[in-house]
Amino acid sequence: MPARKRTSLALSNEQLLQLYEDMSMLRAFDEKISERCIRGEIPGLIHLGVGEEAVAVGVSAALQPQDKMVSTHRAHSHFLARGADPKAFMAELYGKATGCCGGKAGSMHLADLDIGFLAANGVVGGGLPLAVGAALGQRILGSDWVTLCFFGDGANNNGAFHESLNLAAVWDLPVVFLCENNGYGISQSIHKQQRVANVADRAPSYGIPAEIIDGNDVLEVYETVRRAVDKARAGGGPTLIEAKTYRTTGHYVGDSESYRSEEEVAEWQTKDPIVKFEKVLRRKKLLSKALKSEIEERITALVEEATDFAVHSPALDPAAALTHVYCEGGV
Amino acid sequence: MARMSYAEALNEAHCIAMRDDSRVFTLGEDIGEYGGIYRVTKGLQAEFGEQRVLDTPISEIAITGAAVGAALVGSRPILEIGFVDFVGTCWDQVFNQAAKFSYMTDGRASVPLVIRMACGAGLGYGVHHSQSLEAWFTHVPGLKVVMPATPADAKGLMLAAIDDPNPVVFLEHKFLYEVKDEVPDGRYTVPLGKARVAREGGDVTIVSWSGAVPWALKAAEQAAAEGIECEVLDLRSLVPLDEDAIVASVEKTGRLIVCHEACTTGGFGAEVVARVVARAFDFLDSEPLRVAAPDIPVPNSLALEAVYLGTRERLLEAVRGIVS
Amino acid sequence: MSLSPRDLKQLFRRLLLIRRFEEEAFRLAVAGKFANYHGGMGQEAIPAGVCYGLKPTDNTMITHRGLGVLLTRGVPVGEIFAGLYAKASCPTRGRHPIFHMAAPDLGILAGTTMVGSVIPLATGAALAARIQGTSDVTISFFGDGSVNRGDFHEGINLGAVRKLPIVYFCENNFYAKSMPLEASTAGGSIISRAQGYGLPGEVVDGNDVVAVYEATQRAVARARAGEGPTLIECLTYRWTPHSTAGDREFARTDEELEAWKAKCPILRLRQQLIEAGHASAEELDAVDVEIRHEVAAGVEFAEAAPYAAPEVALENVYL
Amino acid sequence: MQHRKWPWKTFIFEVERMHEISYQQAIIEAMVEEMRRDEAVVLMGEDVGTFGGLTGTTVGIIEEFGDGRVLEMPISECGFVGASVGAALKGVRPIVEMGLADVSLVAMDQLVNSAAKMNYFHDGIASVSAVYRLWSGFRPSGGAQMSQSNEAMFAHVPGLKVVMPSTPRDVKGLLKAAIRDDNPVIFFEPKGCYALLGEVPDDDEVIPLGQAEVKRAGTDVSVIATGIMVNKALAVAESLAAEGIDVEVVDPRTLRPLDSGTLVASVCKTGRAVLVQEANLFCGYTAEIAALLADEAFDALKAPIKRVGGAETPVPLSPRMEPLVVPGEAAIESAIRSVLG
C-alpha cells in the first residue's frame, strides 16, 4: 500500500474509505502481534499503539512519497501506515531473514529507507535530532522532502527535544514535530513530569507555531499535518503538533498497568478513533454493512498472510549476526 | 610538496573534499567566520557559504544527531565537536545511533559521517579540555577511529575518512596542530587500518599513536645513543587495527612497549598488549609494558600536568629496563 | 529589603573590588602569567547584586566567568589570584581551574566547565535542601550560551516540577564566544522560555546593581516560601574578549562596546551615591585606592606563593 | 526473612543464619536496609514509585519511605544524574536507578565530568556519595539498544568505582558497601543474574569494594570471569572436573579498583589464564586484565592468555543469532582446552 500523492486538501470518498481501512488494518496487526507475543512466538520488548491509529494514518495520508519519517519505540503503526510491506514487517518481528532488516532490528529498530522510514528508536528522544538531520540533509542536497518526526509526551522533558526544536527553528528547517501525547511516560502521568499542561505550550520558547488537536480524529490529524507539511515544503519552517490520544493497552505487552484506573481506560475506549470515524462514514452513506465486512475480510486475509509468511519464513542463518557491522567501500 | 601545519593540512583536506563533492558539508560550534577553536575550518565559510559551513548553537545532542540524520539521507557531514571531553554530552547519539544503523538495517542504510574532536593535554587547559578518550570509541562496533600524528597523514586520513561510508571518529591532538611538515599536494588518501613504521629498529618495538609518536621517536633517538635500536610504530588508525604490522615487528624484536597519553587502566594499550600476547606469545622475551598516564584527572597547573604527562620521561627508562 | 546608604556604599566597594580584580587578572593573562582567562569585566553588577544579602548557607554555583561571585562571597583575592596562577596556596592547589573551587562554609559549590551542565548540579543542591528540610536557596549562574543545551531544559524542568528552592540566573551578554544570540537561540528571547516550564521570568538591567539586588531578593523570597524557581535574565555585556587564548574579536563592534561602557555599573552607582549625598567623590576615590592596594597585595601573594609539589596531582582522586 | 529451624541446639558453633533469595530480591533488601539505617540515603529514578521501577526492583519502597525519600524523575537522565551529584555535594546519599545501561549513556557527561571529578575538585572537602544502578548485558531479544554491557568505558575513568556482582550474596553485600562508599559507584546488575537464587546471610554483611573472590579453587587453569559469565564458567569447571581438569574460577566482583593481587596469585599458581566477559572483546574490560597479567605474571605464563567475549557486533534481536553473538559455555570450554595445549 505505497504512500499516494495527495494534491488538494479535500479527500475523495475513495481516500476517506482508505483511511478507515488503514486504521482497521493497524488495529488488526497490533491485536495479532499481542496474541503471538503472549504465546512467546514474537521475541523481545513490544510496544503496541492500540488506540493511537488515527495519528499514524492521518499523518501518513498527509505525506508524499519522497518525504521522510522518524519514529519512536512505538513504531508499528507508523511503519505500516507509511506503506511498509506487511510481510517483511511481520518477518522482522519474528526475527527472520526475510524481515525488512534481516531479523536483526525487531520492533524498536524498524527501518525502510525506500519508503523514507529512517528509524524507530530504543532511546526516548533519540529520534528528534535524527529528524532535524534529515531536514538539514534536504537543504544540503537541494531536494524537496519534508521530515515528519514522531515523539511521545515522555520525550518532551528530554534534552534532545529542547536542542532539536531550537536547532530546527533557528535554521528554519522543513520538519514537522508530531507529539503523540498519550498522557504517560511508562507509569508517570505527564503532570508528574512537568509543570506546564501541554507539550505545545513549549513551542513559543522556540518561536515555532503549535497546534493541539484531537489525536483520535483522523481527519483533523490529516488536515493539520497536511497544512504544516505544505508550509514546511514551501520554506515556512518547522511546526509542532500535539495530538491528544491514548493507548488503551499497556506501555508494553505484559505491562501491569498499575499506574492507571480501569475507568480512565474505559472512558478513552469510548473515543476509539476507528469507531468514531465509522460513524462519520455512515453519516456520509459511504460505509455499508456489506462494505465494512468486505474490508474486514480483506484485512484479516492480509494479516494472516503476513503472519504465515513470517512463521514459515526459513530460520535465520546465525552467521548473519556477524554481517554488516560496517559498510563495504571506502579506502 | 608544501610545508604546512597539521591544522592547515586538515583545512586543505576540507577544501578538496568540499570542492569535489557538493554533498560534503561541515557543522560545529564557532566553525564559521571564527574558523574553529584551532582554525581548522578557517576560510571555509567564505568559500562555501553559510549553507555548507554551519555555525551551530551549543547543543551537542542536536548537532550530533542532526549530522547522523543528514548522513542517513545521503549527505556527507563533517561534524566538529570542540574537545573530546564534551562527547559525554552526546554520547548516546554516537554510541547508540550513529554506530548501529548499518547493522540494524542489515546494510541497507549507512552513516558516512566524520566526527572531529581535539584531544590531549599539555596546554594547561585542565580537567575538561585535556582528556584522551579514544578507548571509549574503539570499544564500539560500527565506529572507525583515526588519530593521525603528522600533517601528511592528517590530510590523507581525513580525505579517506570523508570517503568512508561508516561513521569515523577523527581525533586531533591539540599539541600537533602547529607542527609543520612536508605535505603532498592535491587529493590523496592514506588507507584506514595501515600502520606506519616511523623508525626502523631491531631491539624494541614501541607502538604509539597521535601525540605519543613524537615522544616515542625522541626516546628512540636517546636510546640509539646508548646502542638500543627501537622500532617505532605509528598506528594512525586504531579501528581498523593493523594487528599484522604490530605482530610482525614484535616477532622481529621480541620486546613490546605500548606508549599512549591516556590513563593506563582501560586504555587502548591494553587491547594491543592482549592481542600481541595471544598471537606472538612465543616471540616475547620479556613482559610487554604499557607506558601511559597515571589514573588521575588531568590537573590544571602545568607543573602538576607534567605528572600526568610523565610518560615522556618514563619511556626511556622503560626501554632500558625491557632490554636489560 | 530596600538598601540603606550603608548598603549602597558596601555594594560600591564590592563592585570596585571585582572590577579592579578583573582588570588585573586580564592584564596578567595577556602578559602570559597563566594559561587562559575568561574576563567578567563589565558584568560586575551581577555577582555583587545577586550575592548581597544571601545567607552563607545559601548555595551558589558559577561558571568560567563567575570569579566575581567568589570575591563577593568572601574568598580572599590573593587566593583567587593564586588559583589563576595554579599555585598551591588556594583551595584548588593548582589541580583544576579556580572557578571550580568549593567552599562549603561560604556556600560555594564546585561546578563544571560544561556550558549548561551546571544547571542540573545546582538543581540537585536545591533538591538536597528540600530532602533535608532546610530553608537554603540555591543560585544557579549560567550564560546565554547554555540556554540551548539539553541540561538547561532538563535541569529547569526538574526544578519547576518539584518547586525547588532555586533561582536560575542567566547572564545574557549577547555572545557565546562568536555566536550572537539570534543565531543560536530560536524565538530570539531567553526569558520567553520560562513559560515553557511554568515558571515566572523577569528581565533585569544587568548593569544596575540595585535592580539586580531587588530582583534576586524577590526570587529568593519566593523560593524560600516554597513557591519554586524563578528564571531571571540579566542583560549585560563583557568588555573583554571571550577569553585571552587568542580569541579574535570580529562579531562584536566597537560602537556596541562603547555604548555598553557608557552604562558602566560602577559609574552609575557612584553618581547615585554622590547625587543622593551619601558619599563624596573624595571618599569614593579613597575606597578605590584602598581596593587597588588590596588587589595588588593579592597579586604579590600569588606571585610569591609556591607551586604545589607534583605528588599533589595524585591525591584525592578517591576519598 | 524466615530463620532456618535447626533440630538441635546451636550453641556448639555459631551458625551463620542464611536465607535463600533471588539476586533481584537481594538488591531490594540491600536498598531497604540501607535506607532504614541512614536517613541521608534516598532513591531516585524513573518510575521508582508505586510502579516499582523498570525491573520491579523498587516495589514497596515508596510505601515504606514516602515520596520525600523516593523521588520519581521525568525522563531526563542528564537532569537527574546532575541533580544527584549536586544533592550528594550537600550530604544526600542518592541511589540512582538508571534503568538500562545503554540508556544511561545519555548522562555520560554528568557521570564522567561531574560525578567522577567532584572529589578531585573538592580536594577532600566534599564528595559525591552516589550509586548509579545499571541494568546491563544481554537479555533474550533485547535488541541493539537494550542489551549492552558497557562497563569498560566507566572502568577507564579515574574517580569512578565500578562493580559487577555475580551472586545474590555478592550483590547485597557489595550494594551495601557501594551505598556507604563516599565515591560515585557505577553498579552493574547483569540481566542474566536477576533470577539467580542463592544463600544470603541474615545479618548486615557488607562486602568491601576492591576484593576479588575465588569462587572455585583449582590448579590447572585460572578462569577470570565477570557478571553472568561467572556462572557459566563454574558450570564448565564442573563438567571438566570429570575429565580431571581442575579449573580455578576467580570473580573480580569490583572492576575498579581491581584486586590485581588475587588475580596475579591465581595465574602464578596455575600458569594459564582464560578471561571471560559478556561484552564484545575489542577494548573490553578483559583487555585490561590481560595486559596486567602479561606484565605481572609473565614468567609464570605457560601459554598465551585467552579471552572469551561477545562478537564484535551490536546485539541482534533474533534469538537464533544469540549463540554466535553471546559468549556461552562452549566458547569457555574451548578456550580452556586451547590454553591447556
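All chains are identified by letter, namely A, B, C and D, in their written order; residue positions are counted from 1 within each chain.
Just so it is clear, a contact is a pair of C-beta atoms (placed from the backbone, for glycine too) under 8 Å apart; a residue touches a chain by one contact, two chains touch by 3 or more.
What you see is a predicted model; the values in this text were computed from it and never measured.
Visitor: Which chain's centre, taken as the mean of its Cα atoms, is farthest from the centre of chain C?
Guide: Computed centres place A farthest from chain C.
Visitor: Can you check which chain pair, A-C or C-D, has more C-beta pairs in contact?
Guide: Higher contact count goes to C-D.
Visitor: Give, as an integer number of Å, the spacing between the C-alpha centres of chain C and chain A.
Guide: Roughly 46 Å separates the two chain centres.
Visitor: Whole-Å distance, chain C centre to chain D centre, using C-alpha means?
Guide: 42
Visitor: Using Cα averages as centroids, what's the distance between chain A and chain D in whole Å?
Guide: That gives a centre separation of 38 Å.
Visitor: Mind pulling the chain C residues that touch 2 or more other chains?
Guide: 92, 95-96, 100, 112-114, 117, 148-151, 153-154, 157, 161, 183-185, 317
Visitor: Could you say which residues in chain B touch two or more other chains, in rising order?
Guide: 56-57, 59-61, 86, 89, 92, 96, 100, 103-104, 127-128, 141-142, 295-297
Visitor: Pull out every residue in chain A that's touching 2 or more other chains.
Guide: In chain A, the residues touching two or more other chains are 103-105, 109, 121-123, 157-160, 162-163, 166-167, 170, 192-194, 320, 325.
Visitor: Taking touching chains as linked, do they make an open path (line), a single closed cycle (ring), a hub with spokes (star), an all-linked set (complete), or other?
Guide: Its topology is that of a complete graph.
Visitor: Hey, which residues of chain A end up touching chain B in the complex?
Guide: So the residues of chain A in touch with chain B come to 68, 70, 101-105, 109, 111-113, 118-119, 121-123, 126, 128-141, 145, 147, 159-160, 162-164, 166-167, 170-171, 320, 323-331.
Visitor: Please give the residue numbers of chain D that touch chain A in the complex, ascending.
Guide: So the residues of chain D in touch with chain A come to 46-47, 49-52, 54, 72, 74-76, 78-79, 102-103, 106, 140-146, 311-314, 316-325.
Visitor: Which positions of chain A touch chain D when the two form their complex?
Guide: Interface residues on chain A, with respect to chain D: 43-45, 95-96, 103-109, 121-125, 154-155, 157-159, 185-188, 192-194, 258-259, 315-316, 318-322, 325.
Visitor: Can you check the complex and tell me which residues of chain B touch chain C?
Guide: Of all residues in chain B, those touching chain C are 29-30, 32-34, 55-61, 86, 89, 123-129, 294-297, 299-308.
Visitor: Okay, in this complex, where on chain C does chain D touch?
Guide: Spelled out, the residues of chain C in touch with chain D are 59, 61, 91-93, 95-96, 100-104, 109-110, 112-114, 117, 119-129, 131-132, 150-151, 153-155, 157-158, 161-162, 315-319.
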